[in-house]
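Heads up, there are several structures right after this.
What follows is a pair of complexes built around chain A, which joins chain B in one and chain C in the other.
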Partner chain A sequence: MPFRRYITVLALAALLGGADAPSEYDVKAAFLLNFTRFVEWAAAPSPDASLSVCVIGGDPFGQALDQTLAGEVIGNRRITPRRLRSLEGASCDVAYFPHANRDTARSLAAMPPRVLTVGEGEEFLRDGGMIAFVMENRRVRFDINMAAVRQGGVRLSSRLLQVARMVK
Partner chain B sequence: MKDYTAACRGMLALWAPLLALGSTPQPTAGVQSLKRLSLEELSQLEVTSPAKTPVEVRRVPMAIFVITSEDIRRSGVASIPEALRLAPGVEVARIEGSKWSVGIRGFGSRLSRSVLVLMDGRTVYTTFFAGTYWEVQDTVLEDIDRIEVIRGPGGTVWGPNAVNGVINIITKRAAETQGSFATISAGNVWNGILQYRYGGKAGDRLHYRVYGKGFSRGPQHHSDGRRFDDWRGAQTGFRLDWDRTDTSKLTFQGDLYKQEAGQRVNLVSYTQPFTQFVEADADLSGGNLNLRWSQTLRRGAVLQLQSFYDRTNRLEPNFGERRDTVDLDFVVRESPWRRRHVVSWGAGIRASNGRALEVTSGLTFDPISRTDHLLTGFLQDEISLVPDRLSLTAGTKILRTNFEPFAIEPSARLLWTPNASQTVWAAVTRAVRTPSRVEHDFFLSGYIGSGPGGLPFFGRFDANRDFKSERMNGYEAGARQLLRRNLFVDVAFFHNRYTDLFSQDITGSAFVEQTPLSTHLLLPLRFGNGLEGAATGGEIAPEWRPREYWQLRGSYSYLALDLRRGPGSLDIGTAPFTEGSSPAHRVIAQSLLQLGKNFELDATARYVSALALRGVDSYTTVDARFGWRPTASVDISLVGRNLLQPHHVEFPADPGPNIGIRRALFVRLTLVR
Partner chain C sequence: MTLLRGLFRDWPIKRKLLAVILATTTVAVGLAAAGILWTDSFFYRRLLERDLAALSEIIAENSAAPLAFEDAKAASETLAALRAREHLVGACIYRNDSSVLARYFRSGTRAVCPPRREELAVMPTAGAITISRPITLRGKRLGTLSIEYDLGEVTERRTLYGTTVLAILALSSILAALASARLRDKVAEPVFRLVDTAGAVSRTRDYSIRAERLTGDEMGVLVDAFNDMLSRVQSRDEELQRLLLDREEANRQLLRLNEDLERFAFVASHDLQEPIRMITVYTQLLQKRALLDQTPETAGFVHNIVGGARRMRELVDDLRAYAELGAPNEPDVSIDLNLALEKARDNLALSIRSSGAEIRMADLPQVRAYEGHMVALLQNLIGNAIKYRGPAAPTITVGYREAEELVFSVEDNGIGIAPEFREQVFVPFKRLHGPTIPGSGLGLSICKRVVERYGGRIWVDGAESGGSIFRFALPLEMLVSRSEKKAV
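Up next is the complex of A and B:
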């Protein structure tokens, strides 16, 4: 009898559980897609080339990134998610550094121009990144480091600046 | 018609997760709808976070466990030591109302002698008794960003006394605690806790918060009916974060507190009645100011400068001390040879003055007032041997204290990351625990009984001016692996070898002493460095998230302590006493369940094996919390702690019979903004 009650509780949990709360990385993937719409890269290499969104060193997104970016086109550029161990030699338009990446500071120091760098946590901006996701009251927000943005040769739409939690 | 479709959609939404139960991949139907949301809408969405992987897989070559603010909230704890129970390898035992024993990998004691504790970089480890007075380490718990618990020696980075571990309590930046926040708790043991905080800003670059807190807690269970350990306190504080420029940041913070904690102490004097249990309130108060400055220098180097002042007043029924500590530290972190090396170096100076305020003839200090100083230097290099795969971190702390002209705490740590989901590490380290005032200046007497000829018979520990630092060589290894997207395991093993450990030595045969009066028989004793030995063990901590809304995790910790008298030591039993103060086995199992958007049901079970040598049985108990959030700004939690029995003993009391820790029930109302 207690066992059956347990099952009932579990079923109830399943029924109610996470009814519509999306996962953190589903939302982050949606944000990334949005970022590509509100960013201008100064002098993109060729207008028809694909737009690479690279996740550097460990992928926290699972399938969310592919499902979000699949079939999306910005201008004439098809968005392509890529997963890389390091940025070396690769050409990326957006570089995403998960929290687990320990070489973030070093990679940022050696970052080629015209790459939008996105990462996690406030320290990412201190390390010289452009946009950092921060969790606030179980919501995904983002901060922007304008100095890094200007230096990196990308232009952000004012829409992004308005929604940002903090612009430094 | 419109209502009907809406209802249908509602029904479907309810069933969706149930249908998804059958399919293995995560339900991602939501991803497509998320794409259509605006930036503003995305910013407002509440999300569930994955198993702690982003923090936990963090590739650090040490045994680290991070207790997040979410962990603290959901475990329903009301004090920092209670929150530490979640960490593997940490032995937390409540002795009585306001006293805890906290140990890491052994050596559990009221003062956690071999664990360094920091709050926002300010050391709260006192060199008075060597250890941390846990009861006065407090803040608004919701303002804590995380507690990093490092098992194993951390002396190279954190300095002396980080022998068995480091506990780093880090509060949130003021920008993250904006607006009004209040909690009101009421219950049977925790009679009431009131917390209020307000966060504001001036411009975009300056954020601040102020808080106030008060609590009153009732006594625990006393088999002798002496309910002495009630506890009251009030605390206030502030934090100010000023981002002067993008590269220059200042933080200024401070706290002020006052407490009355009921205690039972053994008052010993050389006059009648020689020994006496006294139950009275300890009067505890203090304050601190902490200033930190972070400056990015050329070529990405970062300078961090910190200084703090800390005052503690402690008036216990049988002694008192006032202590003032000032500290100045800096660290520079840079990559001079890009990619291959990350070099950190720094230095620090600390002065700490302790003044004994009241003494009894059975407990005296000589001198009454003294100032201890500590000078440290630090150099560490993180070398990337194979980029992204293999790295070596080597370095040392060099220190000078008034007890010892020179000591080093070197370490070497190897980190191998064969792929994104796996980390393997190993480390060899050396750490020291510096002498405290007690070992150097303390005369502590105990009444043994009536001796031959009716003379009162005392034992007395006399100050030992030659007390040395305790030393430890630690050998550690561990691995972390993300087995599946939702299953994570962390294992660590250690073998720590100790020398010059604290002992209580007989220094001669008993003799008749005339002063202090009255004439008595005295057994001369002394604190020494007579013990040596080893601690061996390991921890395994799995974390599994079977569903987005359901998280299971736990840990098993094993410890074997083997201490013995070193050559020539006449220790009177410290070795078995220390061995017996830490449990060999500890199991934690936690379930965190999200019931829809508004309900949470969380439970933690813990098993702790017996402290057989000290007369404490093993116990199993459960803590639980049911949380309801009717709106985004209101949270009502029902919390039960130690639910399985009316009361249970966790640690031996001293003096007097052991004290049962009671089942506690309380309601907490949280209001935001």
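Up next is the complex of A and C:
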């Protein structure tokens, strides 16, 4: 959707307009980290297992994600960013689908349980995603698809719903 | 203070009781109020702090998500819930970089965010408490919540309590005053009753009155003691009355006896006169006849009879004079004692002449009396002085001195009276010299009776010459004037 992308870029440009204002993906990276904090994660498979945040198919974050997640832990699990072409064969705790990913709907359908799926745009939720970033008045916000959350077996804190723009 | 104590001491019991009750109430309520106020402001502050800590924790918890996702609207909504707390001045949610995500200020207050601290901190400031609490999520610090709460509530409560206490104090004082009226009556009533009873007893001198015992307390004991005392006084009073009556009865009896005796003496002396005169007359006739017969033995008998008859007549005369003194009064008139003395001297003219007595007379006053009494008095005294004369011719001096009483004296140069007999000589029929000196033994008794009849007294002293000085004193009221002669 080139038009939609255009708007996003426009919004990003507007966001970047402020001198020290954080970029859209700085904010999204921070939000992504914060999402992990509102999830009740299942017990780790091994004590030193890290909590993987996988960006699937293209990386819109650049340095932002690495900088944001560097040194962050949830419980005793280190949060590790991973960039993957596809989800196949990988074990992820959070799967992020950038706008650029064309395979999103199919990937979501094949998603293993207990993976928090985060994407961009309202159509991400329609495709069966759990949390979708949306831009509102040049601000980053997010919608939640509770049916998908429940179906995926992810236990999300109700407090997250409180700050969501919309909960389906 | 001393003045106050003195004032309190003289207050009536009722007012004292009221003062005590009111003072107790005031002190009790005041102390209770002070205690409540102090503990309340102390505990309420602690309670408030704990309450604020809990409140801030909830707010911080609810602020975590909005803070995590930069949701100023949601954060503001969370803070807006604080509006219900009217004493909450303001609250701010800080980000970690000290910038403010959301704020809430009570309307009408200056919009200054309360300060933030790195750690949880309760900061009491003047009139307010500020709490700064970190907002964390999964151990990760997201920002800080600061809340400022004014202590107006404490002041409000203090004002409320103060007003309540004043109201209670006023109310309880009024109630105490009202209730104490009954209470005071209960406490003071027995006292008043006792006071009334004591007053009645001392006013009427009726010792049969008893105080009523209304209570079993100390007042009851006092009433019992009072009644006991009264009954003792009463029995003693009755005893006294009875003794007094007995005495009066005895006196009356004695008087009656005395009157009977006197009447007898009077009747006897009066009725004896006639037979004695008969005896005297006929023995005198017999004496003349016996003298014709010239029988010495018969003449001796008759002589003795005549002498005995004469002594008997003298005795009866004196007895009559003595008895007459007890008879009803002849009216007192103003008499000149000089004249009475003249009469007495005339009556004694025979023995004065035969004894060669010299009588010196002072100027005597005029008194109110019955002349016969005064003549008898003076005549007996002078007659005595002649009768008990010494070897020398008697010299008798009648003296008079006026002091608080009218004091008369009859001094002689006779044989005198030994001091131990000076009281006895006034007793009827008491004679010191037996038959050697003739006399009825009634002369001085008559004198005593006359003097006492006029409320005076009579006594005898020894004179320097060895003779006697008879003195008698009459009340000053009898004096009419110093001397009739001078008045003329």
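Convention: the second predicted complex is superposed on the first by the 145 of 168 C-alpha atoms of A that agree within 3 Å, B and C clash if a C-alpha of one lies under 4 Å from a C-alpha of the other, contacts with A are read in each partner's own complex, and residues count from 1 in each chain.
The criterion applied here is as follows: a residue touches a chain if its C-beta (ideal position, glycine included) is under 8 Å from a C-beta of that chain, and two chains touch if they have at least 3 such contacts.
Not measured: the values here are computed from a predicted model.
**Q** Does chain A have more residues touched by chain B or by chain C?
**A** The partner with more contacted residues on chain A is B.
**Q** Under the stated touch criterion, which partner chain does A:74 make contact with: chain B (first), chain C (second), both, or neither?
**A** Once the two structures are laid over each other on A, A:74 reaches chain C alone.
**Q** Of the two partner chains, chain B (first) and chain C (second), which one does A:34 touch, if any: first, second, both, or neither?
**A** both
**Q** Between chain B (first) and chain C (second), which does A:93 come into contact with in this model arrangement: first, second, both, or neither?
**A** In the superposed model, A:93 contacts neither chain B nor chain C.
**Q** After the superposition on A, what does A:138 contact: first (chain B), second (chain C), both or neither?
**A** first
**Q** Once the two structures are fitted together, what part of chain A is touched by chain B and by chain C alike?
**A** Dual-contact residues (chain A): 27, 31, 34, 38, 72, 139-141, 159-160, 163.
**Q** Which residues, counting only chain C, touch chain A once they are in their complex?
**A** 62, 64-66, 68-71, 74, 137-138, 140
**Q** Sort out for me which residues of chain B touch chain A in the complex.
**A** 13-18, 21, 25-26, 28, 30-32, 34-35, 37-40, 42-50, 53-55, 57-59, 173, 175-176, 204, 243, 246, 294, 296, 300, 302, 335, 338-339, 342, 384, 387-388, 420-421, 485, 547-550, 593-597, 599, 601, 632, 672
**Q** Across the complex, what residues on chain A touch chain C?
**A** Residue list for chain A touching chain C: 27, 31, 34, 37-38, 72, 74-75, 139-142, 157, 159-160, 162-163.
**Q** Once bound in the complex, which stretches of chain A touch chain B?
**A** Going by the criterion above, the answer is residues 11-27, 29-31, 33-34, 38, 57-60, 62-64, 67-68, 72, 85-86, 98-100, 102-103, 105-106, 109-110, 120, 122, 126, 128, 134-141, 145-147, 159-160, 163, 165-168.
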